[in-house]
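Report on the structure given below.
Each chain gets a letter, A, B, C and D, in the order it is written, and its residues are counted from 1.
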Amino acid sequence: MKLYEYESKEIASRYGILVPRGRVVVSPSEAYSVARELGVVVLKAQVLVGGRGLAGGVRIAESPEEAYNIAEKLLSTSIRGERVEKLLVEEKVCISRELYLSLIVDRAARRPVYLISEMGGVEIEELAKKYPEKIHRVYVDPGIGYTDYIARVSLQVLKLPWTLLQDIANTTRAMYKIMVDYDAELVEFNPLALTCDNRLIALDAKIIIDDNSLYKHPELQRLYGRDLSEYEKRARELGFSYVELDGDIGVISNGAGLTMATMDSILYYGGKPANFLDIGGGAHRESVREAVKLMLTHPRSRVLLINIFGGITRCDEVAIGIIEAIREIGLIKPIIVRMLGTNEEEGRRILREQGIEVYSEMDDAVKVAVELSKR
Amino acid sequence: MKLYEYESKEIASRYGILVPRGRVVVSPSEAYSVARELGVVVLKAQVLVGGRGLAGGVRIAESPEEAYNIAEKLLSTSIRGERVEKLLVEEKVCISRELYLSLIVDRAARRPVYLISEMGGVEIEELAKKYPEKIHRVYVDPGIGYTDYIARVSLQVLKLPWTLLQDIANTTRAMYKIMVDYDAELVEFNPLALTCDNRLIALDAKIIIDDNSLYKHPELQRLYGRDLSEYEKRARELGFSYVELDGDIGVISNGAGLTMATMDSILYYGGKPANFLDIGGGAHRESVREAVKLMLTHPRSRVLLINIFGGITRCDEVAIGIIEAIREIGLIKPIIVRMLGTNEEEGRRILREQGIEVYSEMDDAVKVAVELSKR
Amino acid sequence: MGILVNHSTRAIVQGITGREGSFHTKLMLDYGTKIVAGTSPGKGGSYVHGVPVYNTIYEAVREQGPIDASIIFVPARFASDAVYEAIDHGIRVVVVITEGIPLHEEVKFVNYAKIRGVDVVGPNTPGVMTVNECKLGIMPAHVFKRGYVGLVSRSGTLTYEIARELSKRGYGVSTVIGLGGDPVTGLDFIDVYERFLRDNETKAVVLIGEIGGDAEERFATYYTKLTYKKPVVAYIAGRTAPPGKRMGHAGAIISMGMGDYKSKRSSLENADIPVAETPSQVPILLESVLGK
Amino acid sequence: MGILVNHSTRAIVQGITGREGSFHTKLMLDYGTKIVAGTSPGKGGSYVHGVPVYNTIYEAVREQGPIDASIIFVPARFASDAVYEAIDHGIRVVVVITEGIPLHEEVKFVNYAKIRGVDVVGPNTPGVMTVNECKLGIMPAHVFKRGYVGLVSRSGTLTYEIARELSKRGYGVSTVIGLGGDPVTGLDFIDVYERFLRDNETKAVVLIGEIGGDAEERFATYYTKLTYKKPVVAYIAGRTAPPGKRMGHAGAIISMGMGDYKSKRSSLENADIPVAETPSQVPILLESVLGK
């Protein structure tokens, strides 16, 4: 789960990392009063999607009036589909250099790693592609944890003066502590800035919490799902993995890999999937029914493709779930079913009685769904 | 540094381990009033030496009067040379079985290890010699720390009922936490008892803190050295490693191994060392002077043997230190010097001027010292 | 032959009395897996489908002798402890079915296992199965026929789908392994491929990847450098997945600019590993690399 | 030959600008040790006895290339960090002179090193020296003559004493190693003896033990089981030490009933390892086992 910039900064600040003075606001008049207090300010849209800067979500205001106007504008927009509901209004800090510092879990090495670069302010993905040699990595053994030399190496890689050793050490140590205390996957300061008066300050901050650890952090667990669309939220409440896409073929499948493969096959045969919906392993008729109801009423999808590979999942249960959903909602759009495995014959019979054809081969089912979506 | 039983129990209790109700007393009348409150009590002499039980340091009192009398007796005795200044007066607990549970750092495996045995109440050293198969070991990886299965294994080894899983888990988990929080070398409950009403209780507790970690625990550091004799304290204050022995040849040497080898050679040639005094590496005249003064005035030693292998330590500095000590105190007992290494000639000259012969070979010096001690 | 587990593997089921544990113990026994013991704290002394249940592995090993492999069904909060218990009692292959284990716990036990030379399959895996010999997992056994294709996958049902496509075309499987759907797993494609290289029975490998992470890219780099190699065919799921969204698996998230479909596909193709467009294409590509 | 370090060993001094570090750097250089760099945070850019000083090993390796060995003089509170810095930058032999490092920190870094195949000499050691080739330590060099006796010890000055006795009788030393005076050390007698076994130059080993722990007993057990062995002669200090008292070294404490003189001596003698009564007897016993 991603935290907002202002939340990440609150945590960072509690761990002794310097951040610009500022406040979160939800209205232009609040922005006005913060600006009157702080002088020249930066207004930053609080969204969880990336690329905020390029999308115009970060603006400078020289006066309280300007802050008011910018806030009014920002609070009425969306950035990459995400509505802007809060702004972080911060003092504008005089900076001499922008640095990059993060701590992430490296999948390949199976350990936390510090990524350190003197080229801050750019997205790390871009940096990694263009100047991989400009990113220094320091791996941390999970059994040992943070060790002090990491600060000294960071200082040197960032070409900071030796007088800042304690400052950088406070930062690198705090990052590790945040990762451990909050079960974070990522703790990132980009840019971490060197100010004109030689201090280190986190101009931006990003913390991502491991979803599997949320149960250890009830205060964060409550926030879980807040970045989901209404539709995604409903699906999650029903216990499904769900992601909204922009096509017109609704997809229900079991297993993340097979669901993605179904979506991909739709694309391969010329169609566009409307969503990702994984009902998981061993689903019963009730959950199938709810999934089908959800996708029958899904506004964008014109056809519904159900692809079930029955192992633990029983095909007759799936069939009954489908029939029940149709009974409640009506067959308001074509349903293409592909089913295989346990109790396949019985499932096939149940659906055929209702006039629904069952395919054995995934390719056949996908092709028909694509064709129907184009009618 | 060893903690007293009552201190160890205070810590254990703070970590949720059940200990008998009781109080520390320093006078018979206090013992009387604790006994009046608790009924039948156990009075336990608080000393740091081992073998307290066999030496009569643990006694049961059926009445407050008896408690008074026992306390009066115990508080006027010494146990293996250590004066009894405090008693722990505890309720007598009804117990059904005595168990053994400890967590120590295993030198060979270089890891913490739980020692678990259903035969509690005996000293572990004795148990290890007589019934090594009765001690179960569970090693802990220092990078991973405590894991819950340790509790389940402990429960089975101790043949406890499954209803006590949470109790034993609280105990084993707390032991590891105590080891980490206090930098302990040893956390031992012997016996850990199963009470008549099926509870686990630590009847005795022993915690030893790693001396090198004391700086992290200022509250404990202040107590450091309290188990030393007056003489040992003075030596430590001067910065020497010092141990009191019962012979009559005073020993000053540099390096722990060489100092012990000097003592051992004294024994080999028929004498008895009075002490262990290691002045350490690179000692200057001042510390040599203080060491020599200390041993010149040491009441039991009749002869002083100084054995210096000069590497970093300079022989002329040693010689000057000796001379200065003699000037202050007087040559009130024979001093035998063996010196080798850096600036050996100069040191030899300085001492010879004062009529002190310098030996090159350790054996020769030791033999002479032994001979003189017998005159 | 086959890798990791075989007909002589003596296995234990951790969490055998739970719903999942008990259900799959039955299926694994039916398959012929030698399950010599199960654990369930507090339930020692009972039996599940004829398998003796112990309170601890300590006790199980004492009663049953050394155990080679474990399969873990215990809930996420207790799973790490189960892994340590298995490793510390000499078990060399640990299959972690459990989903939802905290990331940093996984990081710790996966490193712990690696240092001790223990193979962790998963977490969040359908398991491992050497066809007709030993099944330590939850996969539907009937879709796998015995043969000379090694199957290694980050997915569950998709693997069964592809195994079925292979069967239809007459290809059988030596061993099938689910690496697990989490960002950090005990084994990766390289680890498993190295075992397949040493397995005389396996002649080709099918690699089933998905978006997220860079395991496929690293495999491609590794594969390019090999002098002795067996042919590989791949399928990658997630071409249509948007960045920044978790696609069911915690591991299947494209973030930090890493792990998108394009990058994986081009890496593999540059390493001369053909990538199928649909599951049904996998056996066709296999035919081409095997030169039929 | 000799073990652990030799004439081609490229070494770094961690804590080179301190009083001890600087003093011994001079002596080690005089001995011919190849010290290519030193570290001292914040003092990078300066020189100590002609050796370039860096802020970090990261920088030292970047400027000077790979480094084989390190000797650590930094204060106890910073010593663990120095060990990790050395190991994490590819250094394979780490000599920790520092005394007074917290026990649990030692336990951690000693395990860390072992897993990575790094040799930690110490902590609280006089160091290691292959005579006339490389000295990474603080021992007075002049008492050691080159020869075929391997010297391994838990002590400092006592080792010099015995080396001098050996020299007097015409015996020289291949490599001398101080294991360190703390309860937990990186190497033990067995580790070092195994190296001496593989060293063509070393024909016999002198083992200098002391009370506390069971390293000598374990060595005796190990030695008994060897089929190929080189003769060993031992000296054990502490016959007159009382139980429960710390004799200078933190490791030299007899407690938990382990590690008294009698137990060590009888274990060694039962393994056919003669134990000298005084340092001067060591060369005499050596003569007897070498069959002169």
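What we mean here is this: contacts are C-beta pairs under 8 Å (C-beta built on N, C-alpha and C of every residue); 3 or more make two chains touch, one makes a residue touch a chain.
Worth saying up front: this structure is predicted, and the values here are computed from it rather than measured.
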| item | value |
| --- | --- |
| Most distant chain from chain D, judged by the mean position of its C-alpha atoms | A |
| Centroid distance [mean C-alpha coordinates] between chain B and chain A, Å | 58 |
| CA centroid of chain B to CA centroid of chain D, Å | 27 |
| Centroid spacing, where centroids are CA-atom means, of chain A and chain D in whole angstrom | 54 |
| Distance from the mean Cα position of chain D to that of chain C, given in whole angstrom | 46 |
| Contacts with 2+ other chains: residues of chain A | 141-144 |
| Residue list for chain C, restricted to those that touch at least two other chains | 108, 112 |
| Chain contact graph, described as a line, ring, star, complete graph or other shape | other |
| Every chain pair meeting the contact rule | A-B, A-C, A-D, B-C, B-D |
| Interfacial residue positions of chain D with respect to chain A in the complex | 41-42, 55-59, 78, 80-82, 84-85, 88, 108-109, 112 |
| Partner chain D, residues of chain A touching it in the complex | 138-139, 141, 143-144, 147-149, 152-153, 155-156, 162, 165 |
| Footprint of chain A on chain B - complex, ascending | 141-144 |
| List of chain D residues in touch with chain B within their complex | 76-77, 100-104, 107-108, 110-112, 114, 138-140, 143, 153-161, 164, 181-184, 188, 208, 210-211, 213-215, 218, 235, 237-242, 244-252, 256-258, 277-280 |
| Touching residues on chain B, where the partner in the complex is chain D | 49-50, 104-105, 107-108, 110-112, 123-126, 128-129, 141-143, 179-180, 183, 185-186, 210-213, 215-216, 241, 243, 245, 253-261, 263-268, 273, 276, 278, 281, 309-312, 340-342, 361-363 |
